[in-house]
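Shared chain: subunit A. Partners: subunit B in the first complex, subunit C in the second.
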Partner chain A sequence: MPTMTSMKSVGTAAPAAPKELSLHEHTLEIVSDAGEGAQKCGQVFGAVSAKMGNGVWTVEIIPAEIQPPARVPEGASGFRIRIGDGPITNWGDATNLVVAFNEQVLLARHRVDALANDAVLLVEDRWATHDDPEIRTAWEHGMDELSGKDYRIIPVPMEELCLTLVDDPKKGKNMFVLGMLACIYARDVSRIQEQIAQTFRKKSVEVYERNVALMQLGWDWADEHIDFRIHVPVQVIDRELVVMNGNEALGLGAIASGMELCAMYPITPATSVSHYLSEVFEKFGGMVHQAEDEIAAVGVAIGASYAGKVAFTITSGPGLALKTEFLGLAVMTETPLVLVNVQRGGPSTGLPTKVEQSDLLAALFASPGDAPHVVMAPATIEECFHVMITARRIAEAFRTVVMVLSDTNLATGVTPFPRPKPDARWQAEPLDLSPVPEGQKPYAWDPETGLSRRVIPGRPGGMFTLTGLSHDEGSKVAYSSGIHQKSSAMRSRKLAVLSSLLEPPTPYGEEKGDLLIVGWGSTKGAIEEAVDRARADGMKVSALHLRFLSPLEPGLKTIFKRFKKVITVEINYSDEIGDPHITEENRRRGQLAMLLRAATLVDVDCWTRVPGEPLRPGAILGAIRGRMPRRGAQ
Partner chain B sequence: MLSDPRLQQALVALAQPIAEFRAIIDDAISQADAFITAQHASAPQRAEHAAVSLGHFADGRIDAAGFAARFPPVAAASPSAIAALEQALRVFRDVRERGDDIFVVDVPPGRRLGVELDHALATIGSVFGAVVLAEVVRGGRYTPEHARLLQSREFRSWNKTERRFAPPLVVLVNGADLQSGAIMDFVDGREKIVLVVCGASPPAPLARCITPGTFVLQTVDGSGLDRMAAFNGPAVAAIVPTGAAVFMHDPLGGKDPWQRMTINFIPVTPKKSIGGQSIWQMSEDLQVIAELAATPFSIPALGNGSAAPAAGAADAAEKIAAWLVGQAGLQDGAA
Partner chain C sequence: MTMSCGLPILDHDNDEREYEISDYEGARARWCPGCGDHSILASVQKLLTNEQLVPEQTVFVSGIGCSSRFPHYLKTYGFHGIHGRALPVATGIRLHRPDLTVFVVMGDGDCTSIGAGHWIHALRYNLDIVVMLLDNGIYGLTKNQTSPTTPQGFPTNTQPHGSLLPPLNPLQVALGVTNASFVAQTAEWAPAHLYATLRAAYRHHGLSFVRILQRCPIYASAVYQKAVSDPARIALLVHDDGVVVPDLNKIYTTQLLHDPHDIDAARRLADDADHTNLGVFFLDPSRPCYEETRRVQPRTVNERLALIDAELDRYAV
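Moving on, here comes the complex of A and B:
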């Protein structure tokens, strides 16, 4: 049975002079049982790194259950941070350094192949000598399993040391680890103290001081016992940056766009938007309404919008399913509405805390009947902010539903980006409350565009009956087939008008080549990094990332024809040729691939995975290599 | 009195609510200017407006000129409506140009405090009327009757929203003229009033301003003003001369009065009246704050015979602990 000393581990002897490793980037993880604060530790480390001038991308590692049992791999909760000397756009491939609060959560990361073969593992060592023989045995088995790789394991007496400062080490280890990492990565201590103060701003001074002391304890221990230091150069920050996750960016974007109401029902991973808004929205004249369920939430948003307020609703996949009937009402009544769907793994409750892009088709065809609406997808955390402004403007201009598709990767990832400079023109124009000209109808459709002027309740001369039934220009219930044909055409035509205003997208890389990778949403960074690596290897690969999915951005067919092969890369399920019973005819493809094939009649292939985590650029590169057209192929 | 350093101290403490009020004015100016400009905008100007209004997500993705042609930014307003909007703009700019002066009220000796406060708030409050007028014009609802929105409006006619965005005031006042009843009319929304008290002052002039949701502060050196400014509700503070009571009533302290009250100093009652305040009235004020700070626990006299005065949440726990120690016979090193 291997032991700590017989494995490729270090002791705790004081190093004479730590070895300095200067690297372009490094990826680290902190993993613990749920409730031990690994995420808070990671958030502080990530924020400080970003403020110091490193590129940063973070990913939360969240167990599927809210309160999983302790010391089981399935309960691993943590935080992964990739830092670099330039912009970091995704979570990268393998983790280089892990701090684990027990061996079981470490095994969880080992078993999903998250760790580099030569990763450094800093592990709480109290379990090796625990009173409970079962725990000692589990530890030994764990170490045995880990010994199959070239990991370097460093035991750390976290609990023993934390007990010198606190009675309950569960409430201190994370700050000890933060100090340890701060020493290894030479983080700015004053910034860490600021960030701790911000994190514990609602607690007492004593809590702040205790956490700073724990952090210092971790620093001192690492300074004395860790024989290496990691130097990832920082860039000079020449402009104001903000550091936030995608859900905070969505919330801030909602405020910047002049939204007045967020009507929602709690659902992972969308809820934190409303948590953030509930703290600040009121200061900007807005309010968060937590309805009794998803259906009521969208109903409230539609009602508020009908009355002239600027409203949005936010949900995730299962909530979207419940909202579909009301979406049809908003489309039919031409009531502006922004609906944000922060996607998670499905179907049903699925993977509440994990990323997936499986709601695309549900978003596009969300309502029974023909309910044309706009679907947009931000690709970065920064875009999560800006998309809300565009979505609000389009919803009002076109009197329609705009669905914004974000996902867990964007929602919980943290990265720095240039501080937006708010402009009053981002806000909604004042409502037209002037008397309605005599004879003007509530749906006075322009036959060319399907557009009509919105009539807000209360405008003199503007009284009409709002109905979800098929209706004519005057909102009178339709009793003739011709009216439904016409009104359907008018609602559909608005999307054609929007399409006519969209610019063709520009590929990342060359305008033509052997392979074009098409993506949408949060995969942009990983796809483009994979494309960069492939191009560095001489492959003629480009990427195209779509933001408008309904209507689709124009000119796609022309772009596709400049490449020998087109594939989508998505985080949703598709069948693989070669799997039992799967043929070209019955194969279910990635959702964007299905859409693009239908829209362009181009034979778009796909490479999709549903690993419950973001795609790794290395994996995408592998897919690129496997799908490159053979030389000479047309 | 305007050279009183405590005035600057109060203005600095109120910097955040002052900035918030100025932001309202700046936004209103920007929106009104944009509306007037858009009335005569050329096609490129309209395209530029559309590009901005669509946000950066649309950069390079939406044809802003095409969008502008399809969706004109504003409806045409009548000349009279534009003239009214320009008048509203003048109100905004007048208030803006007066700088910090607009937030300072100097009450001449002998004048009624309430009248001066009312006048000051009515003048600043004309901004709210101008905001409404601007919105009416921008919404296409303007009629000549709306012109009266620009008249000064007393605080009593301000609505809930206006009271939430009420401008803070720093008031220089003689202690003899400080009548708490005059202040209470303006304690609502998020109104913040800091009284800089000159000359002899009653010992607890703000005692009767204390209500469960009102932040009330008496300070000699300005400490506590930052908390007062940050409080999300109505607040009154007085920077009083040395010798007056020093206390803080923070509604966030707890449900019960003793949890909210912190008393740092209670003077003895003055031997003669100050201004209109009789000795009995001043004594009552001091009694009010002492009783509000009294803990609900009956703390008997300690072993050494000294009574444990009730003086607020800050030291209540210590007093209870001392009493328990005394009851258990553990004081003076007893095991």
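Moving on, here comes the complex of A and C:
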């Protein structure tokens, strides 16, 4: 087979001195069948890179099935790592280097356009000469398909070499690959050994030594056969960092907030928060209650909140839909509640494992009737930690529901951030079980702010019946329209008060210019990277990122007016002008765009996509070029 | 002072105050004249008084429906929530505050229709709470629609030619749930039996499910008419571990000695076509209570902060 011959020659021709490429950043992937350890390999590489002082963003590549068959594109399982000489805030654009355990999983990545046109592909080569003619044919077809791009394909005899050390190469190839990558990227070997020791801490010394030997084998092979090295400079780490994914950060943030009860029902991609909490929460005096359904989960959280410290529930889109009646009850009865929605693709079951920001309007208007509540969106993994503390405090102080909108990108992304310093003010106050002063009503609304102090069971003299029916200050069922008008105003006013306590957001870039990109949630890193690149090209573009969606942060209209054009960038669906039947009048816009237009009367445009993956900074840059007013249009 | 399940009660009142029935009376009940709910309210107030339950440490949770107005008519803490969802709320209260005594009041629509999923799982969790199903066999608040317990053939506004399906048997459902620990049936027109059953339910350690047959004089007075007018149609299940009401011996002459530890006998009696059986069908106080299974060691703020720091070490770069 001609392609094979030429590829072999690439792989085996050992250069005298490998070419060193010094780069600001590089993105690599390890892909395999499920169960071959690509993720473990990637985790070690990512952790070592972070410890050495690279900026790092990693994300898992997860197949939809739990145990997909071997050697099929849908089974691609792996790990993507972007490293940089400064902080890395998002998953980046295309992958520059891939290690693939077979050509089928590699094809999967090729077909979703994950790979740069000039990517280097290091591929296990045993399939080319496999005994099974079908596998050999599949390999040939695969190579043909890949030949359309300028990829550089380097065959690697992974299995052949691993067999010299282990009987079952399935349990070893990943460490071989780790060694290979460590050589190419000049990773610190002692840190790798430390990390391997950590990974296999529950196994015998023999296991550790075998894995180190496999790693060394990969290093030696790369040292002899790979003709380039990637150098991404590191920075001295001058402060303590922690590294985790956004769901772990949400869980740890919930603990840090002093909440003690998480009621949930399993749903992707929110569930891993409860996995984490189930492991550790009891140690902190808390518990995870897995309810019989999504409705019960929020009901249990509301019951617990009503009776004591604020509790929370965690879900994803379809679960939010089920919880909405209870959400209205919590708003109506002013029972504090934190509701986390780790968004996925929708509607309906949609894309359970993929990122989307399509729940914004559902989050804002979840409940029938007028049910004003707070909606916040963390923009980074670090913010996933801190948002829970803020959410708990707002829920308690304002006696309302705080919905936290995360998404799959934050949930599964891993990046280091400054280590939080535990602070007693994060924690909830102990329960107040003192007698209720004579005459104090359960909804003694301050007419200026709508705020009132709640009364929990156990307090002598405070007995009242909380009700979802319209009620007066005394929680008495109100049949007159005047009371409903007043209580509606009181619940609504709280949001205005909260908004008056917020600072106007600061644009990233300059305070005025040609184009302002407005985003929310996990897109912050990619948007700001795109803005950096556009500004480097001389474009007058800035970005504005919103953390509060309800109430909106103040001063938006003033900020918008300083730009010739304002667009939102979001991971949700919007119609494009130019598509059949789509006009300015009937166009359905991005969800934040819709909200901002209504709130500011500014003609906010939008660029939104639903690719089932995080937005790439390069794609956003393309949108910026396309939407620049006047001279920017290229 | 501890509750039956061994959890401490926060004791605010050291003055040994004696509560009277008026201490438990809330707003004037607005149920229709002749509604069976009045009788149930009276029995519950009597129970609260006789058991000297501390009003501020008692919570009544309900859903939506005629019977769910119950908490408003008491002077304890009350949670009048949404249709079918009283049990999750009660679960949250009891899990977070095991020092509180929790009662749940539901109608047949609440419990056996829209909230049926929660009902089954609450029986399985077996929290130490009292759950009352006020079963009048009809939707009253929404004005006369078929409920799961409406007798077959009984006409309503949604099934005017008669209820289409055989009614659901709440006792059979409850007795079929793993870890159910107390299943009883009583009737509001037999107040002595009602009171004795509620007392047994309150004193039981675990979730006490009590189906209370209750007449709706407006839409479904016929549902229990035969049982009300002909005491021979009623059989009392008697046992020293269950409910024995000697005062009723003259009215209800059919009495069956039933050991409430015998689940097979309980299931047979729940299916009795000849009689409406009142009494404790089943009980097993040894079944685990969820709030005890889930009990966690409370932490002080300082302990938590130290543990959070230790947890962050696990993620340190």
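Side notes on the structure shown:
Keep this in mind: the second predicted complex is superposed on the first by the 596 of 634 C-alpha atoms of A that agree within 3 Å, B and C clash if a C-alpha of one lies under 4 Å from a C-alpha of the other, contacts with A are read in each partner's own complex, and residues count from 1 in each chain.
Here, contacts are C-beta pairs under 8 Å (C-beta built on N, C-alpha and C of every residue); 3 or more make two chains touch, one makes a residue touch a chain.
The shown structure was predicted, so the numbers you read here are calculated from the model rather than taken from an experiment.
In the superposition on chain A, contact is made by A:E292 with subunit C only, not with subunit B. In the superposition on chain A, A:A70 contacts neither subunit B nor subunit C.
Contact with subunit B, but none with subunit C, is seen for A:L502 once the two complexes are overlaid on the shared chain. Of the two partner chains placed by superposition, subunit B and subunit C are both touched by A:L433. Counted by residues of subunit A touched, the larger count belongs to C, out of subunit B and subunit C. Contacts of A:V112 after superposition: neither subunit B nor subunit C is touched. Once the two complexes are overlaid on the shared chain, A:F284 sits against subunit C while remaining clear of subunit B. When the two complexes are overlaid on their common chain A, residue A:A424 makes contact with subunit B and with subunit C alike. Applying the stated contact rule after C-alpha superposition, one finds that A:I389 touches subunit B and leaves subunit C untouched.
Residue contacts after overlaying the shared chain place A:L163 against neither subunit B nor subunit C. With the contact threshold set out at the top, residues 285, 420, 423-424, 433 of subunit A are in contact with subunit B in one structure and with subunit C in the other. Listing the residues of subunit A that touch subunit B in their complex gives 257, 285, 376, 378, 383, 386-390, 393-394, 397, 420, 423-426, 429-434, 449, 451, 497, 500-503, 505-506, 547-548, 553.
Across the interface of their complex, subunit A is touched by residues 10, 12-13, 26-27, 55-57, 59-61, 64, 71-72, 74-82, 85, 87-97, 99-100, 117-118, 120-121, 294, 296-299, 301-302, 304-309, 311-312, 315-317 of subunit C.
Partner subunit C is touched in their complex by these residues of subunit A: 47, 50-51, 237, 240-244, 248, 252, 255-256, 258, 260-261, 263, 280, 282-287, 289, 291-293, 295-309, 311, 325-326, 329, 416, 419-420, 422-424, 427, 433, 435, 457-469, 476-477.
Listing the residues of subunit B that touch subunit A in their complex gives 27, 30-31, 34, 49, 52-58, 60-63, 66-67, 70-71, 73-75, 135, 138-141, 161.
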